[in-house]
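The following blocks contain the structures, represented as structure tokens.
Shared chain: subunit A. Partners: subunit B in the first complex, subunit C in the second.
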Partner chain A sequence: MHFLYNLLKFIVDDFSIMSFWFWTCLAAFAVIYYTVGKRLRVQWILLLLASLFFYRANCSTKLMLWMLVPVCLTYLVALVINNLQGLRRSLLLFCAVAASVAFLVYFKERNFFIVTHNALACVFNFGHWEKVNIAAPLGISYLILMLVSYTLDVSWGLVKPQKNPLKFLLYVIYFPITTSGPITRYVEVENQLFAEHNFDYDRFCFGVQRVVWGMFKKMIVADRIGLIVGTIYGNWENYTGFTLAIGLLAYTLQVYTDFSGCIDMALGASQILGINLPENFRQPFFSSSLSEIWRRWHMTLGFWVKDYILYPMLKSRLIQQFSNFLKTRLGKKNRYAKLIPTWCGMLVVWFTVGFWHGGSWKYIFGGGLFFFIMIAGGQLLEPLFAWLIRIMRIRTETASWRLFHRLRTFFLFAVAVSFQRAPSFKTGLCMWKRVFVEFNPWIFVDGTLFNIGLDAKDFFVLLFGGMIMLFVELGEHGNKAESISMRRWIAGQNIAFRWIIYLGLVFSIIIFGMYGPDYNAKSFIYAGF
Partner chain B sequence: MTREEVFEKLNEVFRDVFDDEDIKVAESTNADDIEDWDSLSHINLVVAVEKEFGIKFSMGETQKMKNVGEMVDIILERTK
Partner chain C sequence: MADRSKIENLAKCSMFLIFFVILFWFCNKVFILKRNDGITPMQNFYAQKQNTVDVLFCGPSLMGELGMDELWYDYGIAGYNLWGSGEPFWNCYFGLKEALKSQKPRVVVLEVSPASYQFEYSDNTGQLVNTQGMKFGKNFLDAIRVSTPKEKYLELFFGIQTFHWRFKELSRDDFLHFTWIQDCITDKGSFHYYHNNAKMDLTDISSIVEFKNLYPKAEEYLRLFIEYAQQRKIQVLLIKTPSINRMAEAPFYNCVSKIADEYGVKFIDTNRVSDEIGFELDDSADGGHINVRGMWKCTSYIGNVLRNEYNVPDRRGEKQYISYEKYTEKCHKKHIVEMKDKKGYAAEVLRSTQKPYLDLYVPIYFSSYNYNAPVFVRCGLSEPDNDFSWTDRRFLRMVCNFPKNCMGKDLKAKYNLAQIFNGNQRIIVYVNNSRVFDKKLSNGENLEFHFSLPADSVTAHIMLEFPNLLNNDKKNALAIKNVVFTE
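Take a look at the complex of A and B:
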């Protein structure tokens, strides 16, 4: 008994999605799930128990109980909302959404208001508030967005409310999605979570492959880029020119490989259990514009803000009246009469996206407002760009033009994201200023690259890992008709070739993966948002 | 109003929203068929259709409509 207790405590001490124990337990769980669970028709109950165990293992009991507050509230509101009419219904809907958002703000974004209050206090000379750092329930940012989407979907008649509170709890804390999403709508999983699943060998293999691919991204690529980023951001005063630019731009690559690796693991773990979750990335760095990149990057967040903020805002009476006013003043066909009301909605959306990433201006700017400025600015200046392209006789159907667009999009995106890693918005600006004080292209050949966090060996491992990722992304890029699912492509090859690839990936993780006593694999970047 | 009449009116709305006089919509026309039909223009389109036919789409319908045919079904139901 004592041994069992110690074993459980040991597991509970480190049971993140990157821990050895998580995957060992998942393998054992899958066996029980497909045998006993299937026979007794209790698969969803087993999922709930596993999810509760996972939640408790990564979060204190007190915070877990806190998490249940908005969950219970949403569950109850959804049950009664469609029985109400008129003002009472609108009021209850507003209160339910506001309460969930207030819960998120209380735990995650309180310091934004404290810092803003202190800034005003300096101007108007009144008392300062101390910053507060409190622990938040696991995955609260994702959980609240899911609760809001459920409440609104029920009220809009898109889904029927779930009457069983335990089934509803499973939807909210289903363990593969609690760490970093994807933000899953109830309608996307309701038929899968509570259904019976037979063991499917192909689906199981695809799930395992996806998990291994996620680990490859995280442990071979993301964590190595993290060393470069950590070195440069940690001592940014000592770097200038291209060296500093490498660190700033590399952060975006770190976020992508880290976050998409985490999502691959979550989707793979879920696929092993027979439940398909929504995709969160679609080769974002092949985008030709910032609006396109946001349709391919953190897609579930993009869909969420579109469906629950942008659409309701643009359909609101206020925006419609404003739109009519502009059309009357500027003319029905005037492009700005169409664009300006849209910008109002976009401004709110981008502010929300930035604010969701963190309650400080570096997130609001780097995670949101920068994109608003660029997209709205691009639309505003579109006639000028079109004129320039015409008079410079640029061929826009060429590969070089498309490449230019993609590089430009990546650069602008990376500039914005780089602010999120800086200690503050002001420091982020100082860092970019230092990029332009020196022109030092020789750093690419004089060995400097091997002295910014990685030695030559690790640098080439990173380069090799990056090349494999690029190869896979190139294969999967394109229209649905043209793109290749690499997993399906590999599955269609001969057994010897397949296993060379599988074993190659597994051994590369074992040999080159970043782990060991000093390594903290728990720290997924997006787990902190 | 007949289905054909709805399509006639819809063609005008689509041409106005997407600034393209050559657009001609059919039952199966969806966002993949019209280059500028993204999430932003979708909502502008929905609002323009609402004005043209004097109806209101719910938020659920706004999200669920998969093609023009589904839009026409709702319009015909509302304008009965």
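Take a look at the complex of A and C:
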């Protein structure tokens, strides 16, 4: 018993999704899950216990109890809401959603209000508030969005409320998704989480492969880019021109490889246990427009804001009345009569997306409003662009045009995201200003690239890792309907070739991965949001 | 049908795991740091023919300097030096247990410097190098358990966690450290110092009789070491090689002497028999370790004791011991090369001529451990290709000694800062605590500053500060080349 206690204590010290113990325990858990769990028909209970253990290992008991507050509230509201009618129902729904959001704001975004208050205080000359940094329950941002989606889905009659509180708790804290999502709706996992799963060799192998692929992205690519980004952002006053631009643009690649790597690991871990979670990325950098990139990047968040903010807003009485008013004034066929109400909804959506990423203007701008400006601006200027294309006789069906669109989209997206890493919105602007104070193309040939965080060998490893990722993404991009086409393609090859690929991937992580006592590869960027 | 598929899948998984383990073992072997202060002596020990080692030497680097080549050459004694970096008694103990799996030595010689250690665990380097040479097994696991706090078990268990960074510096030599490789068989563990940077402490300590208790863990494993050897019917000889600070350490060795008496084991404290051995001031490499001259004297003394008091046989001419012949020949060739080596040669010249030099100690960052590398640089005679790097230190301190005729003069220092990561760096230079330089410099730019040497001193304390160096960036590196001081 004492040994077991000591072992558990030891494991709890480091049980993040990047830890050795997490994956060792998952392997042991999978064995128990498919043997004892299946035989006794208690797989979901085992999942709940594992999730509670994971949550407790990564979060204090106090915060864990805090997490239970909105969970219990949502559970109870969902049970009673359909028994109510009219104003009482609307009021309860509003209160439940507002309470969950208030909970999120209290733990994650309260400094935004303090900073805003202090800014106003400077103008109107009243007292300042001190910034407060408090620890938040693990994955609170994701958890609250899931609770809100559940509450609204139940109230809209899309799902039946879960009567078993333990099952509901499992949905909320299912361990693969607590770190960084994906934001999973109840309807997507309801039938899988509580069902019995037989061991499926192919599914298990695919799950393991996905985990390894996620680690490859995170440990070989993302963390190496992180060194460049850290160097440039840490000393941005010392850099100008292309050097600074590389650091600013590289941050987006870091976020993508880091976040999608984490999601791959989460999805893979879940697949090992027989539960398929929704995809969160679909080759976002092959997008031709900003609106498209948001249909491919953090897809579950995109769907969430669309389904629970944008569409309800557009269907709301206020927006409908406004739309009718514009149609009467501007004419039914006027494009602006349609666009302006949509922009109102989009403005709220993008503000929310930015705000969700962090209670600061750099997030609100970089994570949201910038996209609103670009998308709305693009729609506004669409006739002008169409005219330019026509008079310049540009052939829009060519590969070069598509490539141009993709590069342009990536650049605009990266500009916005770069603000999120800057210490403040103002600093972000200063950094971009410094990009244009010097034209220094020689940095590509004089060895400077090997002096911005990575030496030549690391740089080539990064390039090699990036090329493999690009190869895989290109392969999967060509086959949109099948998100695991590359894995299926490999599975169709001869065993020797397959194993060379698998072992090559595993050992490239062991050798080239950024881990070990010199490096902390445990934190994910999106775990902080 | 379903059962067949299950068996097939199980077979596939097993085969895959076997391939994985073989490759993992191979990677571990290739990537492990080939350090001769703990790792390679253990690795090469496994390559020795069974039951050919008559005397096993265990202990820290102070033991490593005893020459197995000289022992063979002068006495025909087949010894193996199984030493480690600052190896504490617990690592010696597990090393002994591991060694006795394949060898049956007549005598085990233990160097007792660790008696003065006052810690529960060695530093990171010690923990790593004193365990990683071992093969996987109970002793390896026990050694990890005892050598490191529990939060670092995994780090030592999977050594590749620390060593995988070496993909940047792998060389041909890294692929040649397998037990069947001839070079491993003809290695007997010893390491020789050829320089002489400090005088040996020859203080008379015959009057010191007081005792200081050993650190409990050190005493526990010293006793375990002796008891284990005695259980296996192996004679034990405890020795203490010359100390850095005889006066301060003597009480600990008096305590060791008492413990040795308890077990009926001989203890030789060379600090007390210096005259008998014939030590001189110049026999030390750095104050703590003896150099080749000291080694010849010390080994000869120990060899005599082993021959006369322990009856260790002369194996010269025996077919099984051909590897000792080769080893001795190799060492003798190396002595000749090293003594003519520019570094040793330069050191000799400078020592005798007392010309200006800069003795630069730079913390070299390598993977998870730091160690100080003494780098010898003098006016106009620089060490080429000495690249130093460090991790979280923003300061580089140097003590520069100049000739007497420089006292009170204005001097100019010119450093070629070959490589500073993180682009331009602000550099502040202090000489004897006065700021003489504060400016941003870019890569490859020369750092030049003037300073005056005090009228009554030949020493200048120079400190370079890099205020913008990121603490968390492990890749910061600085390379200084061609340091030149001129009037």
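Observations on the model:
Following the convention adopted for this analysis, the second predicted complex is superposed on the first by the 519 of 529 C-alpha atoms of A that agree within 3 Å, B and C clash if a C-alpha of one lies under 4 Å from a C-alpha of the other, contacts with A are read in each partner's own complex, and residues count from 1 in each chain.
By definition in this document, a residue touches a chain if its C-beta (ideal position, glycine included) is under 8 Å from a C-beta of that chain, and two chains touch if they have at least 3 such contacts.
All of these numbers come straight from a predicted model, not from anything done at the bench.
Contact with neither subunit B nor subunit C is seen for A:389 once the two complexes are overlaid on the shared chain.
The larger set of touched subunit A residues comes from C, when the choice is between subunit B and subunit C. By the document's definition of touching, neither partner reaches A:40: not subunit B, not subunit C. Applying the stated contact rule after C-alpha superposition, one finds that A:310 touches subunit B and leaves subunit C untouched.
Once the two complexes are laid over each other on the shared chain, residue contacts for A:453 go to subunit C alone; subunit B is not touched. Looking at the shared chain after the overlay, A:152 reaches subunit B, while subunit C stays out of its contact range. In the superposed model, A:119 lies in contact with neither subunit B nor subunit C.
Touch criterion met: A:512 reaches subunit C, while subunit B stays clear of it.
Within the superposed three-chain model, A:338 lies in touch with subunit B and out of touch with subunit C [touch as defined at top]. Contacts of subunit A with subunit B, set against its contacts with subunit C after fitting on chain A, share not one residue. Residue ranges on subunit C touching subunit A, taken from their complex, read 5, 9, 12, 16, 19-20, 23-24, 27, 31, 124, 150-152, 154-155, 158, 160-162, 164-165, 167-168, 367-368, 419-424, 440, 443, 468, 470, 472-475. Residues 152-153, 156-158, 291, 295, 306-307, 310-312, 314-315, 320, 323, 333, 335, 338, 342, 346 of subunit A are the ones touching subunit B in the complex. Subunit B contributes residues 19, 38-40, 43-44, 46-47, 58-60, 62-64 to its touches with subunit A in the complex. Residue ranges on subunit A touching subunit C, taken from their complex, read 10, 13-14, 20, 201, 227, 230-231, 234-235, 238-239, 243, 448, 451-455, 457-458, 495, 499, 502-503, 506-507, 510-513, 515-519.
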